[in-house]
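Below you'll find the structures, each written out as structure tokens.
The same chain A turns up in both complexes below, where it pairs with chain B and then with chain C.
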Partner chain A sequence: MPAPAAGTGPSRAVVDDGDVAGLGKARAVAFLAPGLLLISLFLVFPALWTLYLGLTNYRLSGSAAKNPQFVGIDNYIHALSDDRFFNSLGLTLIFVFGSAVIGQSALGFAIAWTMTRVRKSVRAVVEFFVLLAWIIPSSVTTFLWYAMLDRSNGTLNAMLSTGNTAWLLDYPLQSIIVFNTWVGTAFSMLLFSSALASVPPSQLESARMVGAGPWAQFRDVVFPHIRGHVLTNTLLITLWTFNTFTPYLLTAGGPDDRSNILPIFIYRLALNDGALGQGSAISLIMIIINLVIATVYLRLLKERKS
Partner chain B sequence: MTALRGSSRTAQKESRQMLGHFLGLMGKSVFTALVLAFFVIPVLWLVFAPFDAHPGLNVKLPEFTLNNFKVLFDNPTAIASLGNSLILALGSMVVVLVLGSLASYSLSRVKIPGRDLLLYTLLLLSSIITGTAAMVPTFLLMVKLGLIDSQFGVILVLSGGILPTVIFILKDFMDSTPKSYEESARLYGAKPLRILWDVVIPLARPGLATIAVWAVVQVWGNFLVPYILLRSPSKSPAAVVMYTFYTEGGQPNLALISAFSLLFSIPVVAMYFFVNRRYGFRFHGGIKS
Partner chain C sequence: MASITTSSLIKEYPGGVRGVDEMDVTIHDGEFFALLGPSGCGKTTLLRTIAGLEKSTSGSIKIGDREVTNMEPGQRRVAMVFQDYALFPHMSIADNIAYPLKIQKVAKTERHSRAEEVGDKLSLQGLLERRPGQLSGGQQQRVALARAVTSRPDVFLFDEPLSNLDARLRLEARTFLKKLQPDLGVTTVFVTHDQAEALALADRIAIMRSGKMQQLGTPREVFQRPANTFVASFVGSTSMNLLKGTVSAGSVLIGRQRVAIPTDAVDRVGDGQEITWGARPEYLDISLVAAPGGLEGTVTVSENLGASALITVELPENGDLVQVVVSEDREPGIGTHVWVTFEPRRTLLFDSEGLRIGD
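Coming up: the complex of A and B.
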């Protein structure tokens, strides 16, 4: 693929190139500069700095705070031989798989699918409440679930008559998985709703005419139409779930690190314990994982456009 | 004989279809009921507790009172924190709207070398450098710049984080605004900045409104960035301050928290549904949640 930058020679500027307001290249760059400056300083620079910080023994306080030493890849070796890091990585995988790939995707699709065959009023009510969970600020939703799951007064124990089960202490990882599913299903539901709306009804009709059951209809008619959306949805919500810090407000990573997903691990390591260098090393690992997911996503997006 | 067998087979098939239909209806209803229960029950607390004379953690019909709101309005920290959320949200909104429209207009009208690559990179950056992944260097940067415990600093960080997405979406809007007005304005001798302000901005208003609301919603609920960058409770936004409302006995102050949560949630919920009704939902890559 040729670089997108090619093909804009100086002669092109004279012909109609869409520059109807006579902006010109110099002014265009001037218009662009303040925004790019802000992005460079507060988004790009921190990411690049992570590269350097991860190679130092930078600490929040003490002598290493004033004169950080260059320690090479020690932080990475340390991270890769640290049980807490692998515990956190494992928990993160289960968390992302459980709440995004299974929870949000499957539930979102099931809701979108069912809502195509119920009355309009029912559909509107269901969609409203699913969306509400997504829109309410996260500090509030975490409190709502803290109340739901409370040991002695929680509504969940009252509903299931499970006595004094301390859900957040006994099942911390399961709790944040259910919580994150609850919060994020709206996106998958909306995406799959619009995807399902693009399936031509005539194709479904003919499938039904030849006697295809619901499963066959889904596999042979619906799925080919929404395959792209399934992939898009999975990649996006994986990225978001991987980066969410909200469960911190529910379990703070505990008890005993049992819900210590990577974002919370980094926070506690770097900003609570003050090990900024080690925290940076793990941040970089996280950014690289993000990069892989995002690159796959953007490539798919480009393929679909062309 | 064969005809008889045939008809009984049709009857069998019909009854099986009826059964299938019935089961489908049952399944549909049970599933819908379960989904509603899952999504509605946790929210009921937010609806009932603020109006309950004795709010507990459990969901129950309220013993009606407005006293919790009196508690809320008598609490200066709580009210100030809502003001702080407003400052952060509006501040970031202004920054991204001004810088975003300048940048997206320039990208939309002029073929700067490397434009597509730049847009692609912006989108990539905004999805991979999240507040979570970059919290350590961002924190250190703000320490070095002396912007810890500064609301201005929080606005800069939050704006920097959402600006790539803003530019990306706004460029789409700018691309689709008609260009003939700009041409005429130029013939009358208007300068580019004037054309942008008087001609393009009014045309792109729906896009700008969507972006404005989106930016406010993003910042209004953000917890992490103000949590790590602000120190004084008097500067902290609602999302952070909410977790400091405890009674003297160390229990969460439910009267205050319930009323506060409701007041804190209403603006974003209202704006969201307003935008949805007017412009419909839009999907864009790279939107940070």
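Coming up: the complex of A and C.
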């Protein structure tokens, strides 16, 4: 059979009519519809609703609850000229940096790295306990930490013989940073464990054969292999920590707003003070900050790949 | 440059399994030495123990005059090429080659010129700025060799150096290695499960099974005079014919047929002794007319090997099979009645424990 001349052969494959799978558009849409519906219902709609509420003076109770008025960008102006907002933003940055970027990442990596050189049984036990911190309901873990940090009968005071130190009152931000590190380290540990497992042993051994010490092995073999995982991990735990509300159960943002990170600030503003409109406005600011963080990380990840 | 000596070397894994069991071996200075055996025989464990990547349980290892048994891998002046080459994917070829010098804190410019020099020797010109992922398997292997050369070791250790290459490239790389090794003049130990590779490359071969040495000898010795039936069947591209028989009245009785006692075993066996008679298919021939002293049987299978064919002959009484390599123009048809002929000096006898009878 002679080969078809150029341009006369079947051309279906090259025409992009938007129907790559050959299902027909209607069917393709039908397959996607349930997912799209759920995403719209639980992600898109609340975001748009937040956007709308942020432009009103909607309140939890009173006349503004019945009949909210459109107030334009008043809520945003109010938030951006409010010292409490900037105090909260500053605390959040310290909290995220301390408990996620430094605490969870570093501790998670340290545990994962140590566990590559111990016996399997030891590793299983350590991983079990670290995971436990992550999977126990936060109401339970906060209660345990309450007991740990308690002023008069607390375990920590007994261990350190520090008398009647009121950790949650004297060091509220430090306390929730340590608490959140403790809770969240499991994720980083798991992610780094699997990243470290993907480093070919022969490459580490090659380095050992020429006399590379642990630091040189890390720099030249391990780190280049896990760099992508470090970025992914940092992105995820930054976002999670930025949005976490659990520290509320420990300090409720206090005392004197000294652990009043943004999610708690919004909660107290919207539901304790009843200012739903203002709370929504700050929520939207948080969404935007989240998007900025995600964009920066994704850029970095892309740059690395190319 | 140095010799390697292991004395009563034992590597025992938790659970009591011995990867290396009482190994005494001396590898001479400048020698190209093969560790050969089926998978799980301990050959790689022995190599890694020499490298220092595995701690020996007892015994000692000397490289030249230096006792290295408890030294770190990096202090042994040994370079290893791994089966998967273990190149660092994020480094350029030049950086990979010069990596040992980086660890030795040699200045960057000198590292680069040394990488170029070694790269030239291993025909890697023009590839030095690339990444390992952009190179073919054969080129990657040469980079791994170059990295080993750069550290100027006393000993090279190669773990299955050819097994990650495709068949055609493997022969090319084999010839390349065979030429390179004496040029470098460095004592080289390599591990392989491929007997053809060991025969082709090595000056001497150690054949291992279950952590124990089975035979140590030149390729010719292990091919022609295997120490036992294991070596006999493991070495050779077609495995040796091994038939059970008894010694009777100055000949070997296989089924009801008589063959001459192999030259080596004459006067070393007694009447009634149970033995195994062995002959390589390459040393057997086929006759279409009655041949006295030959084994009579019927052709059942004929396998084409290219320029020759592997003929399987079934002996009538007990169904024993004998394989014979014949040249392409002399293939008998299936069902042909034939006589398998041989020279008694090319046949061997093994005793009831499988050990070869003779010197």
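Note that the second predicted complex is superposed on the first by the 250 of 306 C-alpha atoms of A that agree within 3 Å, B and C clash if a C-alpha of one lies under 4 Å from a C-alpha of the other, contacts with A are read in each partner's own complex, and residues count from 1 in each chain.
Heads up, the rule we're going with is that a residue touches a chain if its C-beta (ideal position, glycine included) is under 8 Å from a C-beta of that chain, and two chains touch if they have at least 3 such contacts.
Computed from a predicted model, the values in this text were never measured in an experiment.
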Touched partner set for A:Gln69, first chain B, second chain C, both or neither: neither
Contacts of A:Met209 with chain B and chain C, given as first, second, both or neither: second
Partner chain in contact with A:Pro224 - chain B first, chain C second, else both or neither: second
Chain B or chain C, by number of chain A residues touched: B
Which of chain B and chain C A:Leu190 touches, first, second, both or neither: first
First, second, both or neither for A:Asn272, with chain B first and chain C second: neither
Partner chain in contact with A:Asn164 - chain B first, chain C second, else both or neither: neither
Touching residues on chain C, where the partner in the complex is chain A: 51, 53, 72-75, 78-80, 82-84, 86-91, 99-100, 102-104, 147, 151
Chain A partner contacts - residues on chain B that touch it in the complex: 24, 28, 31-32, 35-36, 38-43, 45-46, 56-59, 95, 99-100, 102-103, 105-117, 120, 122-141, 156-157, 159-161, 163-164, 167, 179-180, 182-183, 185-186, 192, 195-196, 200, 217, 220-221, 223-224, 228, 238-240, 242-243, 257, 261, 264-265, 268-269, 272, 281, 283, 285, 288-289
Contacting residues of chain A [partner chain B, same complex]: 3-5, 8, 12, 17-25, 27-29, 31-32, 34-36, 38-39, 41-47, 49-50, 53, 58, 107, 110-111, 114, 117-118, 122, 125-126, 129-133, 135-141, 143-148, 150, 153-155, 158-159, 182, 184, 187, 190-191, 194, 214, 236, 239-240, 243-246, 249, 263, 266-267, 270-271, 276, 279-280, 283, 286-287, 290-291, 294-295, 297-298, 301
Footprint of chain C on chain A - complex, ascending: 200, 202-203, 205-212, 216, 220-221, 224
